[in-house]
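The two complexes that follow have subunit A in common; it is paired with subunit B in the first and with subunit C in the second.
Showing the complex of A and B:
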């Protein structure tokens, strides 16, 4: 969407600001009202942090840093350790990134540099459609289509080839860390692709023209003039995808197996921070149990905020305004 | 001779890269094709009239529908809009019309960070805020959770569409002695009204499929909701609880519900596309 040159840019705005003195009561009220609503965005961030900290204060006092490094999760004995969930979130997100990053960056390169013009828009629209599919529906598909196929075809095949490594060893259930990683990969493919595409599009054409003038082929132009120029932004897109992967809930909960354990094998069931909240929150019968789940929420909020801050900083330094709006 | 050989090799490499990138692009959209294929195959056969008009039947009784969940979803979206639209639109107005460059940078930054908060977290926050306080799961709680998710989405898109309104419109109106706030409401927002509607619809389409924030706010309900301070059903919640159930009949209904939900979301997106096309023209 080309931004019209005569839009209310700061320079023009200062003229408008001078033309209109806030004289009436209406003007002042309206300005303060909109300011209050804009500040709601800031207030919401603090509201989340405050609610989570308040809800888990007792658990924090009781368990301290132990919470993050203990791997026992036994609500009956009131023993709570978040390590299996942190591990599950980290590994499933890592698997998702390993699958999704090469695919989506290559797709973004195809869409901005290599594809014939007429095919670009249809593919972009299809990627937007994939982004619009709710997580719970991907989970439904995961349970009834993907898991049976993985169990009977893909996993035995992987085991035959890579069975000698601990990663692809052990019994095959279908529901597993690997299945969780795959479904997260599907969820983050659209966002990494579309943000990467925006970044590649923001690379100045002068870059490409200079490389072409030196006699480079289309791929050489992409590699030398475009990808190396956009490195930082693409890293930002990946971190943004990581932020989404860490917080992905429904689809993962439906395929990961929900077993709080730490296993080297990707075929073994796991559990993530988000899924334990989704599964056990309404079952939390004791105060400590609920507090522990709030603390899990606090940990999840902390790491996703960190990932998102990093992503936004990386995306902003390349000087283009990228809005991953309406992308889940 | 040798140099042309090398040139051919470089050309081949370029062609190979194009093919690989094309295959990757296909792999990115492959899940969409697979999901839609199974949705239609398993969902279409399970959809019938009673799916839209009847309540869920007890376990073991075949038939029944998701009428309450469909209506519940719309009720929740209405409640979410009550929170998300005024806050988001007016926040967007501030960013586009009043904010200073530095302040806007910070606010946009916060909005984008807020947008990355996992949706399940909103469920936990609203649980602490509303459900614990009033000691009951409720439609209000569910609507508030969805509304919070809408805020950053609506704010950012509203700002974008307001910035598309030419500055001349504002100057002309102010030159006629019309006050600033009336200029914004009657000239700027009026001109961008289609864009603002687009912003709202996009946000609604996004939250319509959310399940995680509703799990312990709206909670779900197998009957009609007659009171918004009581638990309410929603299409995504119903799909989830049927999908993880052990009953074949419920699985079929989950597919049917999923098909209905996807069609709803795609229709919303279609309306958005139609509106933006008109605006661009």
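Showing the complex of A and C:
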């Protein structure tokens, strides 16, 4: 060692030193360190769940399973039921996905398959900029721009065409479940689009070329060679969007109408789990009230995890069909 | 000799202690947290007070009344602030006796959106009826009967209320519980309640936005907010049977005529007196009667004394109603009882 070291220049020597020692201590430390980090994330999830459960123990004891299936939210009488909030969270997220998924996947397809090169980057930047708008700003835009427009133009139009269905029935206030869904759609659009774009870009060109070689049209190439191949990834992008939609708070609170009720009509005001926490946590002074809000948090936590698990399961079923379709 | 020695020793000791306190107080920070409603005037006071006593800096977080009550109970702040008095149950959780120091007052007004912005007069029956969902149309005789000079449309009333827990809602529901037995029994008083009807807007801005944009809407907002946003608001019939315009004067009048107990945990809604506006409420600072840190306690008392004298004079400029002179005297006496 000293002989080698003395003849080499200092910088080279340090490299040789490191290479000459095949101890593997660094490797092991690195492995344990990353393992610890990975476990820390898992531990964090459990800690959050545990804290929420502990914070709401009194409410869980008092209301039991009724908390999930009753609709009264009365802080004065200390009667709390989460059903309208669970319903609101589910429906507003569903509406958001119905609006945002076709839009964002179409945008991603255009940006990767069809758009001229010079236009791609500016559009991508604009879409990503949409993600940078703070929630509260979108909410204010919702109150002062979107809601008046929805009330005077879009909603009456929808009512005229689809008024015969229970979905678009009843009085129009502007603030509504549908408005909440639309604002969430605006907020999850950028993430679904950017993730979908990355996934479509990772589809090997060989796929496209092979399809073209078989005489496929542009649409057929996109459908069979690209979209079908990337199905799994696109589904993942949608799940990411759903995760955001479930927890979206501020902007939704400002446009959804904050009325804990279950109505078939999308024009009726609703309420979400995240909104009721944001609205009432600061002024909740009694124990049971505060604990009920904690339990709302626990329910939201549970729903998010449940949605993700469900997505994982669905992903597996997609996974099994992808190979034959892609080969076809 | 030894006695004198000992006395000198004690004196010196005291000097050292005082010296330490003096140096410590050179950069003293007074932490407070709580209500959002009085935040503008409190920050004005804290700014101005630095000129009076440069050794004290204030740090106030407007996290809401619930948070203010919780933090003073947990002793994580030097003073709390709340838009509603603390309940007996919450007071009993505190490690010491908490004093309520009323500072300023505000009011809720009934704001609405009708073509031509007519001036409306409303009484308790009409307001309770609307918020219970029993009066549904603008041309209902209960509203029209009091406003013969206004032609009211055959239009649905869109009721708007606060969705977030707030002192504003506390005043509103407290008033309705006092004037309507049905409200008291069905809904009750709290910072947020189970509303029989209406849409929920987040914050004053959310309610005001919805009223401004929805033809036929009616809701309640803070007086300050209605004044600053030039919204029309109704005169309300008080318990003496007079229609009163909400104003800083009619709020102070309500404070002067209301029955105020010695612990200052009072409600001034539906106060007697011909000039009292019925939907007002005060806001309180919460402090321990026995201060833990004597240096801080002394400074806190000095500040409270200043706030209740010089500070009150600034209230009107910021659209807050000051306490009437007589009540101020009573509160100052209570402040003097703080031990440190």
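Throughout what follows, the second predicted complex is superposed on the first by the 261 of 328 C-alpha atoms of A that agree within 3 Å, B and C clash if a C-alpha of one lies under 4 Å from a C-alpha of the other, contacts with A are read in each partner's own complex, and residues count from 1 in each chain.
To be clear about the criterion, a contact is a pair of C-beta atoms (placed from the backbone, for glycine too) under 8 Å apart; a residue touches a chain by one contact, two chains touch by 3 or more.
In this text the structure is predicted, and so the values were computed from the model without any measurement.
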Open item on the list: Contact-wise, after the overlay, does A:304 reach subunit B, subunit C, both or neither (first, second, both, neither)?
Closed with: first
TODO: In the overlay, answer first, second, both or neither for which of subunit B and subunit C A:111 touches.
DONE: first
TODO: Mind working out whether A:254 is in touch with subunit B, subunit C, both or neither, as first, second, both or neither?
DONE: both
Task: First (subunit B), second (subunit C), both or neither touched by A:174 - done: second
Open item on the list: So in the superposed three-chain picture, is A:144 touching just subunit B, just subunit C, both, or none of them (first/second/both/neither)?
Closed with: both
- [ ] Give one of first, second, both or neither to describe whether A:48 is in contact with subunit B, with subunit C, with both, or with none.
- [x] first
Open item on the list: Just to be sure I read the superposition right, which of the two partners does A:286 touch: subunit B = first, subunit C = second, or both, or neither?
Closed with: second
Open item on the list: As a test of reading the superposition: which chain, subunit B or subunit C, is in touch with more residues of subunit A?
Closed with: B
TODO: Answer with first, second, both or neither: which of subunit B and subunit C does A:77 touch in the superposed model?
DONE: second
Open item on the list: Counting contacts the way the document defines them, which residues of subunit A are shared by the two interfaces, the one with subunit B and the one with subunit C?
Closed with: 143-144, 254, 278, 281-282
Open item on the list: For the complex, give me every residue of subunit B touching subunit A.
Closed with: 10-11, 13-14, 16-18, 20-22, 24-25, 27-29, 31-32, 34-35, 38-39, 42, 86-91, 93-99, 101, 107, 109-125, 127-129, 148, 151-153, 155-157, 160, 162-168, 170-171, 174-175, 179-185, 202-203, 205-206, 208-212, 215-216, 219, 236, 239-240, 243-244, 251, 254-255, 258, 261-262, 265-266, 269, 280
- [ ] Quick one: which bits of subunit C touch subunit A in the complex? Just the residue numbers, please.
- [x] 63-67, 69-70, 86-87, 89-90, 156, 158, 163-167, 187-195, 198-202, 205-206, 209-210, 213-214
- [ ] Spell out the residues on subunit A that touch subunit C in their complex, using ranges where they run on.
- [x] 72-77, 143-144, 147-148, 151, 171, 173-175, 253-254, 257-259, 269, 271, 275, 278-286, 290
- [ ] In the complex, go through subunit A and note every residue touching subunit B.
- [x] 1, 3-4, 6-10, 12-13, 15-16, 19-20, 22-24, 26-27, 29-31, 33-35, 37-42, 44-45, 47-48, 51-52, 54-55, 102-104, 106-107, 109-111, 114-115, 123, 126-130, 132-141, 143-145, 186, 189-190, 193, 217-220, 222, 240, 243-244, 246-250, 254, 274, 277-278, 281-282, 293-294, 297, 300-301, 304-305, 307-309, 311-312, 316, 323-326, 328
